[in-house]
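This is the structure, below, for whatever I ask next.
Chains: A, B, C and D, in written order; residue numbering restarts at 1 for each.
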Amino acid sequence: MSSNQRMKKRIPPVVCAWLILCAGLLLPDSRADAPPDGEWWIKVADTPNDDGRSLTITWWTDPAWPADFTGTLLRHVTGSEGQAKPAEEIGPVPLVEGVFVDESLSTSRIYKYELIVQTPESGVRTLLSEPLSPKAQWFNREKINILLSVVIFTAAIVLFINLAKSGQRLYIRKIAGLEAVEDAVGRATELGRPVFHIPGIGTIGDVATLASLSIMRRVAKKAAEYATPFKVPCCEPLVMTTAQEVVKVAYAEAGRPDLFRPDYVRFLTNDQFGYAAGVDGMMMRERPGAILLLGWFMAESLILAETGNHIGAIQIAGTDQASQLPFFVAACDYTLIGEELYAASSYLDREPVLLGSIRGQDLIKAIFMVIILVGVLLNTIGSVSGRGSEEGRWPVTAKWFNDLFHSPGGGGE
Amino acid sequence: MAQIIGTWFAAFLTLAILSFLYKDNPIYKAAEHLYVGASAAYAVIYVYFFDVKPLLLERFANSPVLERWLLVIPGFMGLLMLTRFIPKYAYISRIPISFTVGMGAGLGITAAFQGFLIPQLQSTLIPIVVWSTNGFQLMDTINNIIMVVGVLCTLTYFYFSKPHTGILGHSAKLGIVYIMVAFGAAFGYTFMARVSLLIGRVYFLVHDWLALV
Amino acid sequence: MKIIQLLEGLGKVDRRIIFLLVFLAVLIPMFVSKTGQIRPEEPVKQAYAAVDRLKPGDVLMVSIDYDATSEPELKPMLEAILYQAFQKNLKVVMTGQLALGLPLGQISLDKVVNDLKEKHGIVKEYGVDYINLGYRPGYVSVILAIGREIRDLFQSDYQSKPINQFPIMEKIHNYDDIGLILVLAHGATIDTWVQYANGRFGVKIIAGLTAISAPDAYVYLNAGQLSGLIGGLAGAAQYETLVGVPGGGTRGMPAQSWSHILIIILVIIGNAGYFITKYLGGK
Amino acid sequence: MKREIPILITLITGIFMVVTFFIPHWPFGDMEQRALIWFSIVSGFAMVLGIDSLLAPHFKNIIRRRAGWFHSALLIFGFTATLIAGLQSGLVRHSILAGDGWFMWVYLYIIVPLQGTMFSLLAFFIASAAYRAFRARTIVATLLLVSAVLVMLGRVPIGEALWSRFPDIQGWIMAIPQTAARRGIMIGIYLGAAATALRIILGIEKPYLN
């Protein structure tokens, strides 16, 4: 049984382990439940998963009051050396809600909370909580599903990279745009015209720009072999400095370090449309034979692509900005849609290690599709059986399954 | 007074850029170079007054000691970047480059999962037969089916490690159908945005400059 | 044969003629046409309802996340919402994530305040009914700081006057005191507002976006992270119709109609020329 | 040595950024925003290199009176004028956003018209690109063309005058099929971005090193 099949055996258990682990750790925290004898109380607890600067105060008074009935909440602060400061009034709080999160506190102080309730029947009653000082947690439990996703993702990629190292022949489907890169540079050389590589307006922090730099290395090497001028106008200084290194290394690899001229890679301006104006001017005057538009683009994408089309250059575009892809599809000869841009470096080199990472990526995509199918099935049964109402729903698991993928800060509800 | 001169100068620059549509000409070339120069200086002013001064200098001046030493890291990395001016030591600049590339890559992984993958996966877990308290919802059912089929097929189009034949081939073909409909829609939707900008410029020429309307 | 050559020419019109037609399609309606009837869409109605639900005295925070390049689309939205907010006696707090957007926001603020005084006799006072807190760098850290305590980063307004002297700021500390946030953006800043302000602090957000970034925000509207979405100049015109104050959006719509019809005619002509060349041209 | 240290730095920084994402404790809690601020600081320094790379060739053009030196002079004039205006507003009027400062004049009457007009060229280019590219050569190309026309008709009052259902069709196309395809493309994009980032951290892909 080749390692491929054996590895296939191990996927289902990995997915199930993940689902169970996710569920186990995501059990809802303890909710404020009504005390048996209706006695009023106030409790202070450290807000979980925070940097230790906030406390959560919960209280129980009389649930029958109107929603907007308020009491006043006071905060008593004692410094680290024990000196008590005067009570600070936090302000009116709706009593029925029963919870308040106090922010921007400090881990080195101790806090006590006093709730003053003014009611016609029972006059003034005050509730005083236990003293507590906030603690910072070292792990954010709400992000457990993200941690597990990243771990599974990395495991899949590394697994397939090692698989590839052991000589496993790996397939990658044809990407038209990348096939055309080589003959685009060739055509520009025949016409004796330069090749432009336009890395877009992204910064070094954008992964699309990093992918563009990876492709730039292979294209620059080809241009060096054909001794064709290779121009890279940049819109961000950090990208320019990195691109200069990339092109220098590529020319050295092609054995033509002498041909490399630092002003091949030039910074134009940081402004999106100043850059477009400058590059359009360069295109009209230097008439490149091949233009590569790869990286992070915004609205200026069509200004560049339409001018390139007008001067008759072969244009290969690729970006991860879904909003700009329609314009590249309309104006360029080949377009790398989103993920095809990231697969480019693996495709052009066919290095087993890179192809392995593509296989790992596809495995995660397969897992995503399985999750969607399972989720859709559960939700459909839930919707049909419950006739839309909450309590009648048979697989209560549907809501629980959806909550597995709640992302704090991602706001997925 | 400054406003009148400004409006006339702005009108000249507007017409100079529009002349590029006819053909590349010295007036456009002049406006282009003026623009590249002015916008580069505008970037320098912007970066100094809104990035380096407040985030490094002012924060360094009035923040607690611990925060202050953390700021030394980017400041030091920035200085190392300037070694590129001396060809002999230019290789030292690889340190800040590798540092920023590492930071960008590290941020990229977690942001991808927290910011998009997990939430969007969650919003695709929808029923494909929709019942609500007042009975069967036909429209919602059709919409949800189209949504789920669309997401799955588009994902198969990006499947690299298997040839697109058989079921995978059909779903990839349906995927490219969805993609092209989405591209056409986005193209049509955004034409209005571009025209609005042209309306803004033409209104400036006609109203602020020539006061015809 | 002459006619076929002519018809084939339909497929190869020189691009400069197309450019001239586009220019005329925008220029002529400014002198001639009046706007057709505008019917507001669901996302725009939701945005209008989100503002309408606020009670007098509630706070509307406006974030100017655009600059001059997308002002033609977003300025009409800002002014229409400011009219609505001031007529409902809401408190308006303006800030922004793009430094050079703030002066443009201030110009619109002054314009609406003056119009209200001259045309409707409604007097709005700086520091009491509205305030402009100016720009603070840091982007994500600014959005998070407002969640904790707005004074962590905003001690003074855009003219560096201390904010505690202004009555409007007395009861404003963080998102709990803000009824609704209006984000006017031309790019990805809406993702950050949704991710942090709505995701982490649960404050309601409506977005006014350029037509180019509005398609991305449908996923947020669809998932309930946004309470309303105004997209492009059409969205601005629809919102102006709801508020009943015609402005840049309504004025621009005739030129939009003419240019859209023009591009559809061009596509039809292009295809006609293509098919004629393909089938008849061959003979 | 020139290869191993950068690879090591990228590895350590990358893993550090992933791990701190899960730690709320100070100083790791807001490491994300700290990183964004650090980016702008390092890029602030790199701006010096950028400006040198921009101005140096143009200075050479002027000194050597090469063809087009006048345009280079114009570029340098634009640069110095804006720099002086920025310093005047920033230092003399304490804020470059000051309404009556020189910088605001340069911004409103030079940068805004140039930026706005360059952006508005897109209205022309979209029309010529649509005319040339929207040809019903294949079924898929026809879909692109039909969906673009339907959405355009749904966006303008004249479209609605032709048939009242156009806006609803446009709304449906944008909300359902467009959202589905965009979500599929974006899931692919973010997975690809995460994989590329991982390859860079692990040193499998190092574009700027040999």
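Note that contacts are C-beta pairs under 8 Å (C-beta built on N, C-alpha and C of every residue); 3 or more make two chains touch, one makes a residue touch a chain.
The structure presented is a predicted model; accordingly, all values stated were derived computationally and were not measured.
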Higher-contact pair (C-beta pairs counted), A-C versus A-B: A-B
CA centroid of chain A to CA centroid of chain C, Å: 26
Centroid distance [mean C-alpha coordinates] between chain C and chain B, Å: 17
Mean-CA-position distance for chain D and chain C (Å): 20
In chain B, residues with contacts to at least two other chains: 17, 20-21, 29, 31, 35-36, 38-40, 42-43, 46-47, 51, 55, 81, 84, 94, 97, 100-101, 103-105, 107-110, 113-117, 119-121, 123-124, 148, 151-152, 155, 158, 179, 183-187, 189-192, 195, 197-198, 200
Multi-chain contact residues (two or more partners), chain A: 143, 146, 150, 153, 203-205, 207, 210, 238, 241-242, 245, 268-271, 273-274, 277, 299, 322-323, 325-327, 329-330, 337-339, 343, 358, 361, 365, 368, 408-412
Shared-contact residues (touching 2 or more other chains) in chain C: 15, 19, 22-23, 26, 69, 71-72, 99-100, 135, 137-138, 195, 212, 215-216, 219, 222-223, 232, 234, 256, 259-260, 263
Topology of the chain contact graph, where touching chains are joined (line, ring, star, complete, other): complete
Complex interface listing, chain C residues touching chain B: 16, 19, 22-23, 26-27, 30-31, 69-73, 99-100, 135-138, 191, 195, 210-212, 214-215, 219, 222-223, 231-234, 251-252, 255-256, 259-260, 263
Chain C - residues contacting chain D, complex: 13, 15, 18-19, 21-23, 26, 35-39, 41-42, 67-69, 71-72, 99-100, 102-103, 106, 134-135, 137-141, 144, 158, 160, 215-216, 218-219, 222, 232, 234, 253, 256-264, 266-267, 269-271, 274-275
Parts of chain A lying in touch with chain B, wherever the complex brings them together: 143, 145-146, 149-150, 153, 170-173, 203-207, 210, 238, 241-242, 245, 268-271, 273-274, 277-278, 280-281, 284-285, 322-323, 325-327, 329-330, 337-340, 343, 355, 358-359, 361-362, 365, 368-369, 371-373, 375-376, 378-380, 382-384, 386-389, 401-402, 405-412
Partner chain D, residues of chain A touching it in the complex: 49-52, 136-140, 143, 146-147, 150, 153-154, 157-158, 161, 203-205, 207-208, 210-211, 213-214, 216-217, 234, 236-238, 240-242, 245-246, 249, 252-253, 263, 266-271, 273-274, 276-277, 299-300, 302-303, 305-306, 309, 320, 322, 325-327, 329-331, 337-339, 341-343, 345, 353-354, 357-358, 360-361, 364-365, 368
Sites on chain C touched by chain A in the complex: 15, 69, 148-149, 152, 174, 187, 194-196, 198-200, 212-213, 215-216, 223-225
